[in-house]
Amino acid sequence: MKYFNLIWAALFRRKTRTLFTLLSVMAAFLLFGLLNSVREAFTSAGHSIEGASRMLTISKVSFTMELPQSLDMRIQSVPGVAAVTYANWFGGIYQDPKNFFANEAVAANFFDVYSDLELPPAERRAFVATRTGAVVGASLARRFHWKIGDKIPLQATIFPQKDGSNTWTFDLVGIYHVTNSREKQQEDAFFFNWKYFDEARQFGNGKVGWYIEKVAQPKDADRVAQAIDALSANSDHETKTQSEAAFQAAFASQLADIGLIVGSIMGAVFFTLVLLTGNTMAQAVRERIPELAILKTIGFSNRSILVLVLAESVLLLALGGAIGLGLADLAVSVIRAQGIPIPMLPVGLAIWLEGFGLMAFIGLLVGVLPARRGMRLRIVDALAGR
Amino acid sequence: MLRKIGTTLAIIAAAILPVIALVWLPAWAILVAIAVLGVWLALTRTGRQAWSATAVGIATIPQRLGSSSVVIVGIAGVVGVLIALLAMAEGFRATLHETGSDDTVIVLRAGSQAEINSVVDSDTIHVVAEQPQVMRDAGGKQIASPEIVVDASIPKKGSTLDANVEIRGVGEQVWELHPRLRIIAGRRFSPGLRELIVGNKAAREFAHTSIGSKLQLNGEPWTVVGEFDSGDAHDSELWADTNVVATTYHRGSSTSSVTVRLTSPQAFDAFKAAIKSNPQLKLDVQTTRTYYNAQSEGLTQVIRLLGTTVAVIMAIGAVFGALNTMYAAIATRTREIATLRAIGFRGVPVVVSVLIETLLLAILGGAVGAGIAWALFDNYTASTLGANFSQVVFEFRVTPALLAAGLKWALAIGFLGGLFPALRAARMPVTDGLREL
Amino acid sequence: MSPLVEIRNLSKVYTRGRQKIEVLHHVNLDIARGDFLALMGPSGSGKTTLLNLIGGLDSPTEGTLSVGGERIDRLGQSALARWRASNVGFVFQFYNLLPMLSATKNVELPLLLTKLPAAKRRSHAGVALELVGLADRAAHKPGELSGGQQQRVAIARAIVSDPTLLVCDEPTGDLDRQSAVEVLTLLQRLNRDHGKTVVMVTHDPKAAEYATHTLHLDKGTLVEGVVAAEAAAQAGS
């Protein structure tokens, strides 16, 4: 609007001070973007559209206890279950324990149920056909520079082979992609055939880590879950079935109360930011009292002075905040492109909206008192220098 | 042109070097430096000039409370967050560090990394326990505890979500392996019965863990009969007779691990060599100290990195806030500074006085931040997933070393925020300043 | 022809803490359309206060004040603001221009309150700047202009929305002799050639010579029949 020129010029009246303040605002919102990206990675896992129709069945006793493979057929026959697959946590190490990534032995139809892990049909067929075949996510492949055809050895921590050796060697036959940017962390996983796993493992044969079911109608989820658990009631392998989202949430909450940590840090950051920008705005308006008085003599109403100062304050926050969030976005992309395994989601719309809301709120908050001061100045006193 | 670049580089070096020095120097060295500064202020002529200029500056702070508080609060925020996060890492590390000792050894299946992944059979247990380096008790029995580690899903207090708690089946000699352990309520479990004793931290965090409570483990009812305090990570566990746990979880005669007490810490090398040279045994042998320390490494490093990164970004914000404040401060004192310089104060006292003023504000901010971190977070209870995929409960530890580190950060930020305004104050043309009069 | 400004029984009382200071006592005054009035008097005489009231920057405590037939003593703050925007232009001794805006943008300020589109605003400002002889400095910021030039830009701003009344408070107080002459000549031209009514407060008798009438104030009242020269001698403050 036509006043923008005036507001912008007012903001940059003292270039150095405004620049320094902008840099502080940028730092605050850079942190906001980075920390919330980590928080979202923790809390939103399992909240995809695909995930909404998936459930996990684990041992009720402990999720480290295994379930019989014979349950597979019985779960399939439960009404409302569209598909069943299963997996085992393998926990293998590639070269160094520090190179941690998820690796699992999975049933042949795993990628049918997990259709969000996009695997070309040819590679899918190769996976089923190759006993020692393995499929990895594109991010993981980039991280270790793996190509299709490579032989990849993993050191078992839980499951030695029948001959006592801990080394399991796999042939990379497929690389899957995840297009949904919010689910990108799923691209850091390694899958191989459960058949090979079960044949070659030293003990626990015929046992499965957990089952994954796809329900035909997500709204039937509760009923189907109960029916599945009823199959194993009063047996030595009682089960607990819950939605993928519920499972991930329970797991994440055990790792850390990430929401509390991020919230506390951002609380401290924004508290200091309010003080800092409030001080800048107070100084800025104090210095411009005579100029605001001139505007009033020209005929600018009290309300328009109020709005001008508030707009300046919000612009200060919005400018610094947008750049800070933009930097966070950039940083997250770079970190993820390099394959650095920090759980982070790209800075999405929700974070931007929340950020802008905060910028507006803080801008108004720190602008209110100086704006009122400007609004209430008495022209006569201000021009006389009182 | 070259001279300008040279001066700029010199100034940048003057800014970076002291900051690096602050980070690397131990706290006592900094205190010595401060003492030396104090002597210089009191005894030399330039020093005394600097002090009077500082006094003038400090006297005006009440008029500039708003902008001074920006420095104080900004730095308090950085120091508070830094100390809180580092205290989290330190608390977790310390809990695990204290869990081990140098004369007890834990034996796992080769390559398993953690007890939950490991299986050792009864023959192996015998061979390990029979080694000559294993200490015997008064009755001549080897001090060796075959132990089974399993997870159970129990809700946490005040929550509907299940969390994993670690159940440890222990051998009858376990009490000799943990001399610090005390039963603080109830009694020890009776061998052969489905009885549990609960670590005091697990008792605080999990439901159904008070004495007399019944817990369903793999479909069988167990009773909690006592509570123990071992002063380490085991306080997050539930203990029971290993033979009964083996039955409940269908382990036969195998366990997860064997822990033994050696005759002395020096006997470790011989013990390890003996085990490793036996071709029939495929085992990993470590002192419990090494084993538990390794468990804390990953998470501790992650938290420290997180804390440092967050603090650095916050510090950048604080430096710019301080720059604003101090530039404004010297702008309003143009008159005083010009008068001082007209009287004959040279550049150095003015620079030093502005720096001291900023550093004093910074120390105040650092102290406030450190104080708040200590008051709110020392001994704050938290829990996370340990190596056995179960909850490890620990307390934040705000140590004196962390408080000192926080104050050093405060000084570094204050220095950066004060250096450039100080240089500007010294270079201000005298006539400009006097014209303000 | 009816006077542009009609003042009857005007008084202004300021309250400073517990003290009440009566700055203007029952002033009666008519200012004719097209007049160039100089108000003179020692400091504390109330001349600036009278000027502020005429310009609608303040409201009287007592009495009536009518400008262009409108009773502005009865208007509230927001109404006065609107009235000022279309009826008065101001020139002050200090702080006239916003330092971060160019001359053109400064002159355009009053037009922001109208519905004129940007192009029209720019052209009106251009015309005003030409009138004051500073068209070639349109893009300069106040910091790049001399004191006299800044005041002329201020005058351009004061006339850009074509008000009937120009109110000037010590416009040459901070200027050297030559710049003062330029500014006063300009005001005179605006008065004679463009029919603007000018009310100017000054302590400089030489400045008052550019006016068509001079009035003297002392202790809040108009002094009748005092010779200009004598008043100038007393007004050495």
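Labels for the chains are A, B and C, by order of writing; each one numbers its residues from 1.
Following the convention adopted for this analysis, contacts are C-beta pairs under 8 Å (C-beta built on N, C-alpha and C of every residue); 3 or more make two chains touch, one makes a residue touch a chain.
Bear in mind the structure is a predicted one, so any value in this text is a computation, not a measurement.
Chemist: When you draw the chains as points and link the ones that touch, which shape shows up: line, ring, star, complete, or other?
Modeler: Topology of the interface graph: linear, an open chain of contacts.
Chemist: Between A-B and A-C, which chain pair is linked by the larger number of C-beta contacts?
Modeler: Between A-C and A-B, contacts are more numerous in A-B.
Chemist: Per the centroid of Cα atoms for each chain, what is the distance between subunit B and subunit C, given in Å?
Modeler: Chain centroid spacing, subunit B to subunit C, equals 70 Å.
Chemist: If you average the CA atoms of subunit A and of subunit B, how far apart do the two points sit, in angstrom?
Modeler: 26
Chemist: When the C-alpha atoms of subunit A and subunit C are each averaged to a single point, how far apart are the two points in Å?
Modeler: 63
Chemist: Multi-chain contacts only, two chains or more: what residues does subunit C have there?
Modeler: In subunit C, nothing touches at least two other chains.
Chemist: What does subunit A use to touch subunit B in their complex?
Modeler: Subunit A residues touching subunit B: 16-17, 20-21, 23-25, 27-28, 30-31, 34-35, 60-65, 91, 93, 97-98, 155-158, 160, 164, 166, 203, 236, 238, 240, 249-250, 253-257, 264-265, 268-269, 271-273, 275-276, 279-280, 282-283.
Chemist: Taking the touch rule as given, give the residues of subunit C at its contact with subunit A in the complex, in rising order.
Modeler: Listed in rising order, the residues of subunit C that touch subunit A are 48, 52, 55, 57-58, 77-78, 81-86, 90, 92, 94-96, 98-101, 105, 109-110, 112-113, 118, 157, 169.
Chemist: Write out the stretch or stretches of subunit A touching subunit C in their complex.
Modeler: Those residues of subunit A that touch subunit C are 2-3, 5-6, 9-10, 12-13, 290-291, 293-303, 379-380, 383-384.
Chemist: What does subunit B use to touch subunit A in their complex?
Modeler: My answer: residues 66-67, 69-70, 73-74, 76-77, 80-81, 84, 109-114, 116-117, 119, 150-153, 161-164, 217-219, 249-250, 282, 298, 310, 313-314, 316-318, 320-321, 323-325, 327-328, 382-385, 389, 391.
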